[in-house]
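The following blocks contain the structures, represented as structure tokens.
Here come two complexes built around subunit A, the first alongside subunit B, the second alongside subunit C.
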Partner chain A sequence: MTARSEFEFSVKLSIGQFVPGSSLLHMLDPRVKIVVCVMLIVSAVLVGRIFAVTLLFVLVVSVLVGTGVGAGLAFRALRPVAPFLAVLAVIQMFAIPQLRENAVIVWEWRFLHMTDRSIVSGVLLIGRFAVIVMALHLFSVTTSTNQLIHGVEQLVRPLEKIGVPAHELAMVVHISLRFLPILLFETEKLMMAQASRGADFGKGRGVRRLRRLFPLFVPMFLISLRHAEAIAESMESRCYTGGRGRTSRLRPRLKRADYLAIGAFIAADGAILAANYLFSEAVWGSRALCIL
Partner chain B sequence: MHPILFSSGLRTAPNVRHKTLLLVKGVLFSLLFALFTGLMSKARFFLPFTPVPVTGQVFAVLLGGLLLGRVFGPLSQAFYVGLGLLGFEWFSLFPLVPTGGYLLGFIAAPYAVSLIMERKTATTGFLHTMTALSAGVFVIYLFGFAFFTAATHTGPIVSFRLTVLPFIPFDLAKAVCAALIICPLKKKYGPKTLI
Partner chain C sequence: MNEKVRKIVIAGVMGAISVFLGATHLGFIPWFAGAALTVMHVPVIIGAVLEGPVVGAVIGLIFGAFSLIQGAIAPTGPADVWFVNPLVSILPRLCIGPVAWLVFRAGKKLKEGQLFIISGFIGVAVNVFIWSLSQKLGGFESDAVMVFTVGVSCVAAVTVSCLLLFWQYKKSSELFPYAVSAIAGSMTNTALVLSSLGAYKFIPWQLIGTIALFNGLPEAVMAAILTVVVVATWSGIESKRKGSSV
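Right, the complex of A and B next:
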């Protein structure tokens, strides 16, 4: 099993699986969930204080628990990336030069320095990552592919006037979601077939590694070309003529619950962002407070 | 490369409109290129004095710009970043660490590459391809440098020394590799992209 694992891509997709259910989140309009998810990711990138990231994390977890999705499902997404994340955080702490004048060196050994700022940035990295993964998870667990595609199309449709192709964008999302597992599976199959005939993908670096990959990708391109022709033909034989004039059987309307949900979320997220900027060094003057 | 890949004509599906096939083919090829970028990112090593690793991704990004064109080149990198966020363990550069700017640069670079490649007035051949690729590398540096400077609050000169200067020879080598692969193909099949 361990020998095979280097070829297995599809098992690595830990999040992004829709779990059917009847929680409040499942019932919400997909547009609301897309907006909430994007806002969560943007605010996770924007906040620069540990307490604010913690609050965002608490917000996501409480949404997941409060709406009956369950936190266990959410934490499952974090588990496979945790070791990788820890390594990244350590790199962040030591390798990024925190050349700020007011950083205090906490620990020092030969050429390694750890400043209070670098500890904060390491912790922030983990926090932001956790919030982003949970936000994506919150979205993907409760939204089916169909809902996602309708949501994207409806959300982008107002932008059609300035030339953004809403329907094509939704179609891109649809095709990629549908065919990613298939392409991964085909790649695995091809790699295993080549490995059984003596190909070695594991070792080597740089150019040598690159040259080993080319025999893999040429047949992959041919396979996907064949897929593409089959999909295009089957789409056309079902009267697909592009986005112009196309109507949809499902027309999700925003309900009162949707407005309430998005209102409550914007209030909570705004409060966290405002707190993040208010607790600055300039306002409070206290160093410990501003670092946290 | 297989000659069929460069043919814009249809083989098995003669009744399909070109636009539908273009869309589907573009998406599937973009996904493959995202996969390719992911595998290339595994070929990486760190230089001792900078937190930014040397990776094979840049090669895949440049090749994506040359082969996929200005719509699907950036899309393939967007897929790469998106799949990285969804739990694929291939991102050596996560968007949140100070080196995340490079990821944004990866999305923008294929656009720059194909924009120059599509210009008919410029010189053709190796020089033209290298100009396009250099523009792509420049875009990657631009994003990487700006993001790093903003995220770590280092001075621009220190940041330049850490994020741009050591990588120029490596990235030029990758660009030359990409150009050496692409130029004979373009000579043989004309200035088409794969899509």
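Right, the complex of A and C next:
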């Protein structure tokens, strides 16, 4: 079976690890979770102070602990990313020349220089990514793909008035997710078929490798396009015409807990963002404080 | 067939291919010095030339969102983690499809000679734009500016010559717009992702020209070949090159 296992991809596809449960986060409306997740990511990208990133991190962890999901799960999410984050932080601290300009050198050894600015950017990088990774994890663990798609659709529905095709977008994502297993199956079959004709996908690099992969890629695209035609035809024969006038079996409504959760989160996140911009050099005048 | 339903389905299916290529690592082709080239953006280009800019943008969105999630949940290297930032992963990918489609539409209307001249001009314009952007963001030494500009110009120049060779090889003017649009889409991806990485100071600007040259260029050529072959087979365009038909 070892020869076969080379063509099996199902094992490697492990994205979207929904864990069924009954925590408060599982119960919340998916829309609330999407908003929270997006806000966390956006504010992690926006903040530029170490204390603000730390506060965001504390906020994520406290959401996880407070809602009964448990911090252990969240830190487990960081484990695969941690070694890479460490490498990136080291690069940030030593190898970016732009961060050496008009900065105070803290530590120096031969060609290695560590400046206050490079330390700050290294710490910011770790903090920022940790927040985003945990936010995404928090979301993906407690939300099933179905909930996610319905949530996104309902969230963007108000934008339909200005011409954003909310339902169609959700449908695209839905088809994508549903099509993945089919694609997986077809590709496994294809690889075995081509291997039986003597194809070898594993060797070479660059254009030579691509040429070896051609007998796989081209039929893969063509089969998918053919499948797409069939799907479109069968959707149409079931009278699918798009979002207008379409009703849904599940109609989640926002409960009081949802309003409370989103209100509390926006307050906390807003406070952190406000603090991030208020504590600037202009206000405090001191370099040490502004760096933190 | 209903135009809209087909667009929805093709966007979904092409998005799935992009995700699949990334998740199984089939879409990464080993290159020198441990770097890898990717063909994950090819579904975006194919979707855009077949079904228009909106479909291209939507597939780009799926591609970008997936690389964001992959960077956060199952990274395979330090470079993956950069893509956790949506300004690196999503924004550049949204532009691939529309650019590829615009170039494709322009290419269909023009004669080959005109297209060459125009793509040369576009190359120069993109150069100048990236250069002035990097100047503005930079505050770096003059040799860095030089390396970067030279790198990007080399990319543009070699791309055009590869294009010429490729076109000569295929001798089919019908396929030419597809090749150009694939190269344009691929270069959009390279240029925008690298500039956003540079803007976030993840990579020093000095390195970016080199990466654009050694990664972006072969990626563009690969994208062009794959796009042309797939589209030609799908829409039944025949090239003058003898060989078996798929």
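Points to keep in mind about this one:
We take it that the second predicted complex is superposed on the first by the 205 of 292 C-alpha atoms of A that agree within 3 Å, B and C clash if a C-alpha of one lies under 4 Å from a C-alpha of the other, contacts with A are read in each partner's own complex, and residues count from 1 in each chain.
Keep in mind that, in the parts below, a residue touches a chain if its C-beta (ideal position, glycine included) is under 8 Å from a C-beta of that chain, and two chains touch if they have at least 3 such contacts.
Predicted model only: the values in this text are computed from it and were never measured.
By the touch criterion defined above, A:Val152 reaches neither subunit B nor subunit C. Touch criterion not met for A:Val120: it reaches neither subunit B nor subunit C.
By the touch criterion defined above, A:Val87 reaches subunit C but does not reach subunit B.
Looking at the shared chain after the overlay, A:Leu169 reaches subunit C, while subunit B stays out of its contact range.
Comparing the two complexes, residues 9, 12-15, 45, 77, 80-81, 84, 88, 91-92, 95-99, 128-129, 132-133, 136, 140, 168, 171-172, 175-176, 179-180, 183-184, 187, 205-207, 209-210, 213, 217-218, 220-222, 224-225, 227-229, 231-233, 235-236, 240-242 of subunit A contact subunit B in one case and subunit C in the other. In the complex of the two chains, the subunit A residues touching subunit B come out as 9, 12-16, 45, 77, 80-81, 84, 88, 91-92, 95-100, 125, 128-129, 132-133, 136, 140, 168, 171-172, 175-176, 179-180, 183-184, 187, 205-207, 209-210, 213, 217-218, 220-222, 224-233, 235-236, 240-242.
Residues 9, 12-15, 17, 41-42, 45, 77, 80-81, 84-85, 87-88, 91-92, 95-99, 101, 121, 128-129, 132-133, 136-137, 140, 168-169, 171-177, 179-180, 183-184, 187, 205-207, 209-210, 213-214, 216-222, 224-225, 227-229, 231-233, 235-236, 240-242 of subunit A touch subunit C in their complex. Residues of subunit B that touch subunit A in their complex: 1-2, 4-5, 10-13, 15-17, 19-21, 23-25, 27-32, 35-36, 39-40, 42-43, 45, 50-51, 56, 59, 75, 79, 83, 85-89, 94-98, 152-155, 158, 162, 177, 194. Those residues of subunit C that touch subunit A in the complex are listed here as 1-2, 4-6, 8-17, 19-20, 23-26, 29-32, 37, 39, 43, 46, 58, 62, 66, 68-70, 72-75, 77-78, 80-82, 84-87, 138-140, 201-202, 204-206, 218, 221-222, 225-226, 229-230, 233-234, 246.
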